[in-house]
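Look for chain A in each of the two complexes below; its partner is chain B in the first and chain C in the second.
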Partner chain A sequence: MKKNKVASFFLRWEFLLVALLVLMCVVFNLQDAARVASGAARKDVFNLPNVMRGLRPYMLYSFMTMGVMLILAMGDIDISTGAIATLSVVVLGALYNLMGGGPVALVISIIACLATGSLCGAINGFLVTRFKELFPMIITLATQLFFRGFGYLLIGGSTLTFDSTFGVLSKTYELVDIFGLKVPIMVLIFLAVAVVFYVWLHLTSGGRKIFAIGTNATTARYSGLRVDAIKMFCFTLTGFMCAVTGIFFVGANSSSIKADLMDGYHMYAIAAAVLGGFSTDGGKGSVIGAVLSLFIFGIVKIGLGTLFGFADSAVNLAVGVILILSVLIPNISEDLSKYMRVRKQRAETAAAKAAH
Partner chain B sequence: MQTKKSSKPLYALLIEHREIPLLAVLILLLVGVSIRVPGYIPNNYVNILKNGSINMVMACGMLCVLLVGSIDISITAVLAFSGALIGKLMGLGVLQSTLLAFLLAIVVGIVVGLVNGLLMSYGRVISIIVTLSTSYIVRALIPMSWMLGMNKVAPTDLAPGFKTVLNQNLTLGPLTLPYLALLAAAVVIVTGIFLKYTKTGRNLYAVGSNAEAAQMRGVHINRVKILAHVICGATAGLAGAMWLAFYNAIEKGSAEGNEMFTIAACVLGGVSVTGGYGKITGVVIGAVMIAVIDQAIPLLGFRNKMITEFIKGILLLFAILLNVILQRIADKQALARRNI
Partner chain C sequence: MKKVLALVLAALLVLTVGSALAEAKAGDGLYIGVVYKQSGNPYFQASINGFQQAADELGFTFDHDGPDDGSNDGQIRIIENFINQGVDALIISANDPAGLVNVCKEAMDQGIVVVSYDAPVAPEGRTADVEPASFQQVGDILLESIAKSIGYEGQIAILSASATMGNQQYWCAAIEKSLQENEAYANLEYVGTVFGDDVYDKSFTECEALINQYPDLKGIIVPTTNGAPAVAKCIQDHGMSTKVTGLTLASDMKEYLDAGICDETFLWNPIDLAYVASYAAVALINGDITGEVGDTFTAGDKGEITVAQGDDGGNTIFLGALNTFNTETVGEWVDIL
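Our next item is the complex of A and B:
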């Protein structure tokens, strides 16, 4: 019994992800050392400060992933997240410039940005809960086109630029000193948010309800959960998180805003959540896994890009392979163990027959 | 009594043919555009046919995949990859025959479709995740600077015969029919016959509507699912060759994001995304509708791609919601008639 517990702890998905992360770090460190030794590089580049600095662009969609995660846990899918983020920052920029700048305008427009994101999420949630015959993917595809076009209607093809007060936002992209290690502020905020999500999703009944809906929505409804209200809330929260992602993105992009800012971000967020153990079938996954997989994607991109000199597309190839294997390997190992069990049983029956 | 009798065919028809409301929307759209832009249909039908054909071919494959209850979002990656591969082989002088080029493109598509199908049926990975991953992988293979030294395919790479094969028109009296559209029509007819009149085609519906019942009847579910993905891959590969032959150029980012419009064409046509229901006629109407919107919006004065997508999004939402609401009304009436 005890042995099984230990084994199941080591076979938990989060542990495998940690192992993958460590393995990648070791391989990249060896490659780094080899490059220094052979004289290809003057000094090592794969060290903690550099990785922390390099992680920033890949952590941008982390907040969005937290939202997408909830939706996947409920068995739905949302592909309009990138468009929601874009629309909310467009609202942010347009309102700020309309009000003529200044700190008050900044606060008001940030509130408007978050409200826009939540509203967009609520629209998705409304459509998904009212029209259950339709696959959420189709609904969010339509709303994605709608949100993207709406952002474009607001500011056209122009790039918005801002005065110096607006530059406060780019502080979110800076590094802060913690015990001598420079850590991006964004990562710290994200980790704090992730802890909140972890506690909510795994340790309170509110979070368990979401997994219950994902496992079997009908059963959940019959056991007294207000499925539609919870779905509505989760979609709204996802919209909110998209707006937060948008604000960080503006900070990273030296405070200029265009209407096609975050096209394609939804796929990164979904990929990270899936690697973290969530599935479009719903009902499983963990926040720790999602956080780890965000770091894994970041480090894969840094390592393959800077150390091995692969092109961007080869890095995407690695992401695709990791994604398939992450779902395929548990399934295959399950099949294999079932097969072994059956064979063992058959051998035992044959032996028993022979003994008779 | 009389009214009841006359009302029965209407909703019975609606339950039977979900594409009828869509046809009405399409006609309304065409009428509306024709009023704003006089002579819209006679002047533009060739362009509508040309631009809709590639999407139409992919939609046929997508229909098969949706029927068995899975989805394929790697089709445009397959399109770009197969087109780029045959284009580069032509540029290197390996491949000269047009027919061989088309066949090779289809084979490439079949291979990717087979991988998708195997992973999703025997590997039990959800199709959207499999095809998301394969679309990353296949698109990453396109530049292949380490393989064939190519970044994109330019018109100068192509064999002269290949360049012109699909850019010709067939003239039938006053009608001009582009070869591209004829090829798409052939694919539509073959798919339609396959789905309606062959045993294997009916098995797709059986697996999609109730997999367990199909298995009881002796249908190999996994094989049928793999077959659907293979068909979808083959049409995507064919679409790649068509794209290259029509535009004479292809690059890494070609057609990125267009898979959503292929899915949209199917959904507009009343195909159920959970599997088991869908007709080729609906898909044709859906694909034509998207092509019409694409062609009409610039003529109405909006020359921007984003605005086109905005209007497409609204129309898509409108059409699918209308479909659902009509379906609900029809269901309710059918229930009321049974006096329950």
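Our next item is the complex of A and C:
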């Protein structure tokens, strides 16, 4: 019974996200048509090819969102993800130049980049499982500052630039032709990764263990789950996904690396996971919801920017509004249904009394 | 059902607020997207006047935006938006010369003219670049100014923003080159460069450290607009006779020019830069020029300008000399820069 309720809730939540996505597209298309009709724009702007191109900057943090969502499902939080991604690419760039460039150096430094991300994640995992009296928020705040500082320690304020071999990474930002539609390679890879996460988290016992920890870590431990080991694994995996985000970021950034990149990305990742149904209390959430949320945030930012004249720094207000609504609406609707139930009962009681 | 309704209403609310903010653009005529380094920076606010003036004369429309954190990926997002809106040209002041190459190449593939101004996009990512003066010219002007102020003798230092900021590192290199090569500066002793990140407080602290280490310091060159008033204030507070020059806003430096801490300071005119960049962009769109070295075009009331070989090896349009602020001229500029 309980399980059915949970399942139906998520079905409905994902349905709501799809509805929101469709609604946004309808409104943006109407505005687009209105602009063309009124002569405010020469041609339509909100079409599929444009959205596909425009999505790319907003999909960079999709990979780290896959990790952040695991951590939220366990009832923890990680705000060091942007810093991990930055430190990973700093290691990538510094090592590549140190080795003098070339394809071999590129492969080795990409491995080092992924290893750095994983190591940073493991450090988070170790601290969180070892010092349970500290909030993960504080621990990852501390490691965030540490990782950012460490990046500066490695390359200072300089901007790393590279030879043409390194430019191969720019391919990750390109579009690929699929049945005549140009789709970002990044999005295709992300969707493949998301399928893996979906299968693991929702269809295997390993994934259910993560939700079990988030629902009640103590019960999970007494049930024989190796809670600390699982947490350690999830934090490490998150670090790895941050490094992946970093590699795509370098591709987008025309292979230019500094120590102050990806500021605020941890917040975008958490926002997408939370809108996807993951809560900081843990124990719930859906991969499909998180994926939909990433597209919702991307498309709302594109629409507000290109059709409604919002400045780049203003579009984030949409993220805030959607996020607050996503928390408020389930609460309000619950209150509303309680109120309706009470009223119905009262009416029945009154009717019963009147019948007497 | 109620959930859906509430969501619909909320979304509509957000969007109606949005449409109130949307501006109408002229249907015909050229449409240009201006991307500057950071939103809220007064320097770029001023340059908008130059774009507006050119727009009035040439009949194009333009929109402008910059990331609030001055980041490269913020500029990428803005450029992607402008590409999607179908701009005819992008006029960009780049935070990171190399970082915008991919996205600018995509723009050029779609037939969009990419003109950088003030801070260049790397040559492979632009059609042309508009700069006030070459790095060497700027370096020479600053060095000559400080040398004149201190009688061509004594210790001098540079307070720059950061070692990586494109223009900063080249100006410093130009100053160091002239110090070594020009006989006139044989009696100047260059003690080094410190970095203030173009932040007032940091520049102030760095300046204090500098004058503590070199109490006989005669002059400081500060090619950063937020650094210069900090250095001048620091010298004033410590009651020293060290002279200061640099690239500064007029409004920041008026009191220090009047107090004699600076004899003269310099800046280009962002309004003129924007104005010339607009004329260059329109000439490129119309095919009057291709942006090759040696191409000549008329930039409104600034007259004929020829495309030259830039400091970074790409095609660059140099405006010429700098604006000089001294006790006589600073008054005219105080309200503009």
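Just so we're on the same page, the second predicted complex is superposed on the first by the 343 of 356 C-alpha atoms of A that agree within 3 Å, B and C clash if a C-alpha of one lies under 4 Å from a C-alpha of the other, contacts with A are read in each partner's own complex, and residues count from 1 in each chain.
Here is the rule we use: a residue touches a chain if its C-beta (ideal position, glycine included) is under 8 Å from a C-beta of that chain, and two chains touch if they have at least 3 such contacts.
Quick caveat: nothing in here was measured; it's all calculated off a predicted structure.
**Student:** In the superposed model built on chain A, check whether chain B and chain C fit or clash.
**Tutor:** fit
**Student:** Touching A:161 in the superposition: chain B (first), chain C (second), both, neither?
**Tutor:** A:161 sits against chain C, while chain B stays out of touch.
**Student:** Output check: A:313 vs chain B and chain C. Expected answer is one of first, second, both, neither. What do you get?
**Tutor:** Both partners, chain B and chain C.
**Student:** Counting touched residues of chain A, say whether chain B or chain C comes out ahead.
**Tutor:** On the superposition, C touches more of the residues of chain A.
**Student:** Looking at A:252 after the superposition, I want to know if it touches chain B, chain C, both of them or none. Which is it: first, second, both, neither?
**Tutor:** Second partner only.
**Student:** Looking at the overlay, does A:56 come into contact with chain B only (first), chain C only (second), both, or neither?
**Tutor:** Once the two structures are laid over each other on A, A:56 reaches chain C alone.
**Student:** Where does A:16 make contact in the superposed view: on chain B (first), on chain C (second), on both, or on neither?
**Tutor:** In the superposition, A:16 touches chain C alone.
**Student:** Counting only touches as set out at the top, which of chain B and chain C does A:77 meet: first, second, both, neither?
**Tutor:** first
**Student:** Would you check which partner chain A:349 touches, where first means chain B only, second means chain C only, and both and neither mean what they say?
**Tutor:** In the superposition, A:349 contacts neither chain B nor chain C.
**Student:** After superposing on chain A, what angle in degrees do the C-alpha centres of chain B and chain C form at the C-alpha centre of chain A, to the nearest 10?
**Tutor:** 70
**Student:** Of the partners chain B and chain C, which touch A:321 in the superposed model: first, second, both, neither?
**Tutor:** both
**Student:** For A:304, using the defined touch cut-off, is the partner it touches chain B, chain C, both, or neither? Pick first, second, both or neither.
**Tutor:** The answer is second: A:304 touches chain C but not chain B.
**Student:** Could you grab the smallest C-alpha gap between chain B and chain C in the overlay, to the nearest Å?
**Tutor:** 5
**Student:** Which chain A residues lie in the overlap of the chain B contact set and the chain C contact set?
**Tutor:** Comparing the two interfaces on chain A, one with chain B and one with chain C, the shared residues are 157, 260, 263-264, 311, 313, 321, 332.
**Student:** Applying the document's contact rule, which stretches of chain B touch chain A when the two form their complex?
**Tutor:** So the residues of chain B in touch with chain A come to 71, 119, 123-126, 128-130, 132-137, 139-143, 145, 252, 257, 260, 263-264, 267, 273-274, 304, 306-307, 309-314, 316-317, 320-321, 324, 327.
**Student:** So in the complex, the part of chain C that touches chain A is made up of which residues?
**Tutor:** So the residues of chain C in touch with chain A come to 2-4, 6-8, 10-12, 14-15, 18-19, 21-28, 31, 39, 63, 65-69, 71-74, 76-78, 80-81, 83-86, 96, 98-103, 106, 125, 162-164, 195, 197.
**Student:** So in the complex, the part of chain A that touches chain C is made up of which residues?
**Tutor:** Its residues touching chain C are 12, 16, 19-20, 23-24, 27, 31, 35, 38-43, 45, 50, 53-54, 56-58, 60, 156-159, 161, 170, 173, 249, 251-256, 258, 260-264, 301-302, 304-313, 318, 321, 325, 329-330, 332-333, 336.
**Student:** Which part of chain A faces chain B closely enough to touch in the complex?
**Tutor:** Residues of chain A touching chain B: 77, 127, 131, 133-135, 137-139, 141-146, 148-150, 152-153, 157, 259-260, 263-264, 267, 270-271, 274, 279-281, 311, 313-317, 319-321, 323-324, 327-328, 331-332.
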